[in-house]
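In the two complexes below, chain A is the common chain; its partner is chain B in one and chain C in the other.
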Partner chain A sequence: MNWFASIGRRGINVLRNLGRALLLLMAILRAPHGLVTRFREFLAQLYSVGVLSLLIISVSGVFVGMVLGLQGYYILSRFAAESTLGVFIAASLVRELGPVVTALLFAGRAGSALTAEIGLMKATEQLSALEMMAVNPVSRLLVPRFFAGVVSVPLLAAMFNALGVLGGYFVGVGLMDVDTGTFWAQMQSQVDFDKDIINGVIKSVVFGVICTWIALFQGYEAVPTSEGISRATTRTVVHSSLAVLGMDFVLTALMFGD
Partner chain B sequence: MSALVSIRNLHFSRGDRAIFNGVDLDIPRGKITAIMGPSGTGKTTLLKLIAGQLVPDRGEITVDGQRIDQLSTKELYALRTRMGMLFQSGALLTDLSVYENVAYPLREHTGLPESMIRKLILMKLEAVGLRGARNLMPAELSGGMARRVAMARAIALDPMMILYDEPFTGQDPISMGVLVDLIRRLNDAAHLTSVMVSHDVPESMSIADYVCVISGGKIIEKGSPGQLRASNNPWTHQFIHAESDGPVPFHIGAPSKEVDFLGIDE
Partner chain C sequence: MANSRFSLLTEAAVGAMMLLGGIALFFLAMQVSNLGGFKRVSGYQVEARFDNIGGLKVRSPVTMAGVRIGEVSSIGFDSTTYEAVVTLDLLPEFNQVPTDTFAKILTQGILGEQYIGLDPGGSEQYLQQDSEITMTQSAFVLEEIVGQFLFSKAEESSTGGGF
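Up next, the complex of A and B:
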């Protein structure tokens, strides 16, 4: 009977945390005026969450694009279909790899930092101090960070895609002698704006919400000790990654299932 | 004159553990009240209950005539602008300078022009003797200085009451003396009501007008420092005179020595 009770307890805990996370998200979304009054804070966060993630995103984008160029060329050339290499690279990036890999990198680079920052502010009683100064920590701290994350992820994904296509072009056209004209022409005619680009953007907005939300929730609810913060940071990365991959399947099924 | 804070039949627990079990306490206006007790008895928790950051399970807490647990968020925030709280660590906002930390409540809650804010900040920093430290960042301050900056911030809006959480812990004798002196001076000069939670007995007894000793979720004894020094309650006596053995045993419950040291089973 013991394991039965412990499964029950775990289930209740998961549900309770989900509930608390939802309440926090509602509190954030209910205070978007915090974005106007804290616009400078929002810009500062846009810098630390978004701009500082640019390097890792750009480098990863180039490498992923180059790998796509190689693998795509090996397989497509077997069927004498090298001319479609451009489509293959662009569609893979825009539909899947751009949003997903960007979100995973974002969770590791920016999400973990957000969790550690908020958790440490909690441990050093800065959150309580704000409350005692009659300042709502959700609108002062979480709102600007949340929207900075949600705005950053799609922009980072766009950057990832652009550099990925260039990386693929470099390998496909530069090293493997695919024809430049067909590379770009096929890409232009076969990648659909609504179906591919818009859906990709929707995905990365959703992933941005998920990653930033999880990061802020974990920081806000962290046990205020050094061990608690370290565990919360790990949880941010693990939960974000799983949520992004799972959500990607759901969104793909909904979007591309004709 | 009625009490500024009055607590009646307070019950509060964390999980299964009861932290307060029927506490009654009145905090008089204009005085320094020290609440003392060993670590982990719930002193910080009591301050958070008074400030409305936690809600009692049962009983009532009234601050300046308002039932704190029944206020709306807006009313609670309005009341909090009239309270200052000094956290154990100072809790300065680490991304802002000393000057900006003290300015923070003024900028949030008053529409004062910058020139006026500047004068107020310099006055508050002067009161704690740190006008010269205005451009430092919190990380560059010693523990005692950080606490004094936090004090300047706590009095920025001229509150009616300040709550101090362990103001003396971890201070060297000099900065301890400075803090003791400051708490007294601020209380008397600004007609504040001060509530101080501490386990530093001599310092607390030296400035408090009124002392209350809590342990095990209850108030053990309350009165003036003189009354408590003369108390013949054995628990109070042990705590105030810092004796290692007494009603609170030096040895916490353990198996008998024969079992532990000689490995004899039962």
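Up next, the complex of A and C:
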């Protein structure tokens, strides 16, 4: 009996959290005027969430592209198909690796910071203080952060992709002597703008929403103690990563499985 | 404002990031995808009938002497003659293709993509909009070739292979 009750309690908790998260998202989306009134804050958040993630995104992009170039070359040259190395690198980056790895890095680099910031504001009762002064903490604090995240992830993913392709080019053409012309020509003939690149951008927008949403929700709902904040930060990274990977499968099935 | 210098730097950094993101997307569009490559300028349509088109697809390239001069714009089926009707979209600048041109379905590499190769004939008349290429050669289907090879081998051993 107790055993069943414990399962039931967990289920109810999961659903309750999902509902609260959804309510928070709706509250954020219902107050987009916070973006206009707090434009400076939005820019500052774009800086701390987006610009400061540039370095890790660029370095990872170059290295992921270089690894793809190496691995792709070893496998493709076995079948005398090195000419398709460009397609292999560009398609796997633009369709999957770019959006997903960017979102995972973003969750670790920026999402955890957002959770810790909001959570500490809650623990030090700054959120209650705002409410005391009749300032809505959602539109004042969460809206600029949310949209900063949603804007930065696609930009970061585009940079990740571009640098990854260049990294793959460096390894494939520079080190492995694949022909420059074939590398680009095959890539251009096989990678479709609408199907591959636009879908990749849509994916990264969705991942941006998911990661920022989870981070803000975990911060906003954190237990206001130092232990609570540390748990919330951990949960942000774990939940974001799982949600991104799961959502990626769904989106891929919808977009590419015709 | 006391922190105006900081916010100017912030704004500049944000602007730089947005610009870089835009450049990256532009690079992807023009250099990586097909948007900057082969321009889809519609030229004139020519029809060709094949017994078997193998793995030919819409947008497969049409080449002459290895140069891309157009692409396959549609593939249909004639239910009276059981032939595949392929419409080729040739670029307008290649308007001097003789009417007795020979169209073959070829394969890039051994297992690569299939495309249509045109061998020019000697006619003085040129293909126009909606004209038809009458001389065609079907796709190379590996199973058929292997089948023919095995069949001829079997025949060889049953007639001449006695010693």
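Criterion: the second predicted complex is superposed on the first by the 258 of 258 C-alpha atoms of A that agree within 3 Å, B and C clash if a C-alpha of one lies under 4 Å from a C-alpha of the other, contacts with A are read in each partner's own complex, and residues count from 1 in each chain.
Following the convention adopted for this analysis, a contact is a pair of C-beta atoms (placed from the backbone, for glycine too) under 8 Å apart; a residue touches a chain by one contact, two chains touch by 3 or more.
Not measured: the values here are computed from a predicted model.
Engineer: If you stack the two complexes on chain A, which partner ends up touching A:Glu125: first (chain B), second (chain C), both, or neither?
Structural biologist: first
Engineer: For A:Asp196, decide between first (touching chain B), second (touching chain C), both and neither.
Structural biologist: After superposing on A, A:Asp196 lies in contact with chain C but is clear of chain B.
Engineer: Between chain B (first) and chain C (second), which does A:Val36 come into contact with in this model arrangement: first, second, both, or neither?
Structural biologist: neither
Engineer: Please determine whether it is chain B or chain C that touches the greater number of chain A residues.
Structural biologist: Looking at chain A, the partner in contact with more of its residues is C.
Engineer: Once the complexes are superposed, what residues of chain A are shared between the chain B interface and the chain C interface?
Structural biologist: Touching chain B in the first complex and chain C in the second, no residue of chain A appears in both lists.
Engineer: In the complex of these two chains, what residues of chain A are touching chain C?
Structural biologist: 40, 43-44, 46-47, 50-51, 54, 80-81, 90, 94, 152, 154-156, 158-159, 161-163, 165, 184-185, 187-193, 196-197, 201
Engineer: Where on chain C is chain A touching in the complex?
Structural biologist: For this pair, the touching residues of chain C are 7, 10-11, 13-14, 16-18, 20-25, 27-29, 31-38, 61, 109.
Engineer: Show which residues of chain A lie in contact with chain B when the two form their complex.
Structural biologist: Chain A residues touching chain B: 121, 124-126, 128-136.
Engineer: Give the list of chain B residues in touch with chain A in this complex.
Structural biologist: Touching chain A: residues 48, 51, 53, 77-78, 80-81, 83-85, 87-89, 91-94, 104-105, 108-109, 150, 153 of chain B.
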